Amino acid sequence: MNQRSIRRLTLFMLLAPFLLWIALLIVLPHAGIFTLSLREKVAPLVYTVGPGNYLDFFREPIYWNTLLRTASFSVLVTALTFLVGFPIAYYIAKIAGRRARGALFLGCLIPLWVSDLVRAYGWMILLRETGVVSSFLQWTGIVSVPVELLYNDATVVVGLVYTVVLFMIVPLVSTLDGMDNSLIEAGYNLGGNGLTVMRRIVIPYAMPGIVAGSIVVFMLTAGSYLTPILLGGKNSMWFTEQIYEQFITRFNWESGAAFGILLLLFTSLTVWLGLRLSGQSLASTVARNEA
Amino acid sequence: MRKFKVLAVLATLAVATTTTPAAADTLRLLTWGSYAPENVIEMFKNETGIEVEVTFSNNEEMISKLRATGGGGFDLAQPSHDRIHAAQLEYNIYRPMDLSKIDTSAYDPSLLAAVKANTTIDGEVYSVPHFWGTSGLVVNKAKAPDLESFADLCDPQYEGRVSMRLKRTILIGMGYAMGEDPFGAYGDIAEYERIINAAAEKLIACKANVKTYWTGGDDLSNLLRSGEIVASDAWDGTAFKLNTENPDINFRPPSHGAMGWIDTFTLPRKSKAEEAAYQWINFVMRPDIAKMMSSHSGYVTAHKDGGDLTSDQLKASFSDAFSNDDVANIKWFANIPPGLEDIEGKVLERIKAAQ
Amino acid sequence: MAAIHDLECRGVRKRFGAFVAVDGVSFGIPSGSFFSILGPSGCGKTTLLRMIAGFEEPSEGDILIKGRSVLSLAPNRRNVKLVFQHLALFPMMNVAENIAYGLRCKGVARGEIARRTADVLERVGLPHAGSKDIGQLSGGQKQRIAIARCMVLDPDVLLLDEPLGALDLKLREQMKIELKMLQSQFGTTFVYITHDQSEALVMSDRVAVMNHGRFEQVGAPRELYHDPVTAFVAGFVGDSNRWPGRVLDRDPAGVRVETDSGLTLAACEAGGVLRRGDAVEVFVRPESISVTGAQATDATDATDGSGEHNRQAGRIEGTLFNGANSRILVRTSTGEQVEADLPQRGPDIGFENGAPVVLAWERTGSKCFARAGEDPAG
């Protein structure tokens, strides 16, 4: 073997795990799901090829309502996550001392050490009618009868924000950490007040981190399953649940596959729109072109 | 080149280890939440040397899991008697049973006959019974003394104080409560659709009564135990177990008849430990084991002395709940014709989505 | 009553825990001058600057701008603008937006902003740079934009925090002149912080030399260079030969000092009265020393520290060629190493290594200070 072919082989060997991962775990399953989604179930054991499963989605208001509901709640959760996460990230990156920073970061990580399910049950123990919060409120005399804090949309939103906030904090801390403090001081020195500095300097600077965090949070939220189901109760309609129902309860894999593809397309579209509106590109959220 | 050989061997090994057949001393059991108590598994291992790996599931998931693998991944499953025929015809996920490997004399003849009748395809039997039970109501007598039928779950006085499991049972139960005969309409899809649609309308109208839809036995138990709800549709075994904790809570066979089901033993088509599966089936039907399992699950086994092979508490709860008339009035689930689940699923989605 | 100063500090002190970063600094800067604060890193000059800008609060003392105390004013309310060490241009805005930022904060009308932005860009010599991104500018251009961004707001005082530090040598030399020109063109008071004495000397009207949180001396560059009042200033400003020694005796014109290696010098007291036996340091600037060739024989006799003039014989050890600033290194017969300017004209002397020379300088060329840490009175 000559030098060149060895180099090529090395490159191939280095890339192989990545290519295998992409091909086996991403491309192949999606291709399979897509093929499945084009199969129409006419009767038991009788199938034809066609877009029927997709048409069903648009014909049945329950489906697209659920998708729109999921998307709008995901956007809301993303916005709230930003509002909650930004001050925390700013505090960690710009205000806290070296020591406190590590502790705070760890504190944000701790919820991730338990599974989604355990976290959801934790919320249920806290918020159910006979739960900790309700009992506490009665004890303090703020309310006289038990209050049910579970099984509504607000609880789902709170639970989701709690679950995903770390994924907003991490990219924000890393962009804010890279921001020279003198930019903030210059903002004040040139006459800006706290709000102006935040709005015109800190936030524009942190935009790549904000967008990166938002994409991750939005995707995680739109694709979450346990939290909306367990905390949402009787009215919780989340699109992932719809997909689960198609696959499991109705044995309708074909339409479940179509829904999966639709969720993928819809979330990608939302992310694309978000990037356009914020004037960012996917590349700039990954790496900043510094002056 | 030697490096590549080593790599190739390693890769083959890696693939090989992940796909080796489960060793014959492991039984992968796909079953319901309370059907495989730890102590029974321990005893089985001590006697046979076979390890039991348990996966908890429900009827719909069992079918979906086996469908996804063409009947692989598990060595023994426990679907209900009415969910086997259609699933086998449509997805071919089970294999026939060799009844000669099973001590059929231990079974209650009528239950065995009923399951055989339901699960015979082309002259071959696919299942034997294990537990049987009914679906009906669980009621806190102190708080809802007059709640007697599925229709009463919609009584406005219980607003926000009842729960349901959003599966086919609630549709069928409500159908009976409305004076219809859903099982009788199985053969007539249009008629059946009319009945469950009417039931769905009723369920949507009384959604305000529902605190939340329960999804598992523990879920339901917590809701009742804490007093957050006063009644729900339920499996009798779950209700009997709650009765031992709180005498006010017990199963109540609805006035329109409890709905009876038999959970079976059925072999997945790609079962890799068929012998171990037969050993397990025979083991759990031994009188001493049957009694342990029954006390644990709250259900009666298909053993011919099933009613006796259980705890005294369970016997007491059972006789507190069921009169002889109630037993005679049990409506047994009939085999579901293919395609019914799809129709029901869509109706259930509508109920869930309704505001 | 003196005229109102653009910037005045009165007894400003800043403590960080037990550490005193700025230790009772007082000064006033007259309108329109270029004032530098020169000191080694860690001397407290940046802390002083940050107190003036409002980013730190003094522990004691008062800061006045145009005669009014600004201690109660937030940084964004003080009409003192700061050019940061790394300039702190906003990378997400283009040049015009960077300049307009302060005007927008002030609520200036849109048309007015455009006019003033264009105007200031013109004045810093970058009339067409408005639409450029910060990343497209060269180091010197960034410098000018950073100044323009402040000057467009018409500040009472412009603070500059070592803004030339990041530039390469050639550009730094050029920017020194440019900064000086910009200052006189705008007529604004500049306060320039640096550890580079040549920046301070070249540009400033007045320079304060700062050490350990205190001002050692404030004066025109010429004064600092020629008449340092402390050993620190003598050592920090310009180059000097520096010898530790002791006072041998006093005479009406000054003192005679013996250095630790045994050289006897006539010197003058620059930092206060000295007594016999005081530990001192003597500073002699290379350009005060004249070098002449000598026969090896008179070289030994030439050594003389008794009169008004110092004469020392020695041999050349090396030449440091640097054009007009070339120097030679001479080892005296007592073993001291002396750096002296290489004569540019005069008799052609063979300044080869090992050649004998005679060094001579006036008594006033030897500045003598009590050694740091040893009180002359003690």
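Letters A, B and C name the chains as they come in the text, with residue numbers starting at 1 for each one.
Keep in mind that, in the parts below, contacts are C-beta pairs under 8 Å (C-beta built on N, C-alpha and C of every residue); 3 or more make two chains touch, one makes a residue touch a chain.
Keep in mind the model is a prediction, meaning the values are calculated, not measured.
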If I average the CA coordinates per chain, which chain comes out farthest from chain A? C
Can you identify the chain nearest the overall CA centroid, using each chain's own CA centroid? A
Where chain A and chain C are represented by their mean Cα positions, the distance between them in whole Å: 57
Let me have the rounded angstrom distance from the C-alpha centre of chain B over to the C-alpha centre of chain C, please. 90
Distance from chain B to chain A - Cα centre to Cα centre, in angstrom: 35
Taking the touch rule as given, give the residues of chain B at its contact with chain A in the complex, in rising order. 60-61, 63-64, 67, 86, 89-90, 160, 167, 207, 210-213, 215, 226-228, 338-339, 341-342, 344-346, 348-350, 352-353, 355
In the complex formed with chain C, which residues of chain A make contact? 180, 182-183, 185-193, 196, 200-201, 204-205, 207, 289-291
Sites on chain A touched by chain B in the complex: 41, 43-45, 62, 65-66, 128-130, 148, 150-151, 229, 233-235, 237, 242, 245-253
Touching chain A in the complex: which residues of chain C? 53-55, 74-76, 80-82, 84-86, 88-93, 101-102, 105-106, 133-135, 149-150, 153
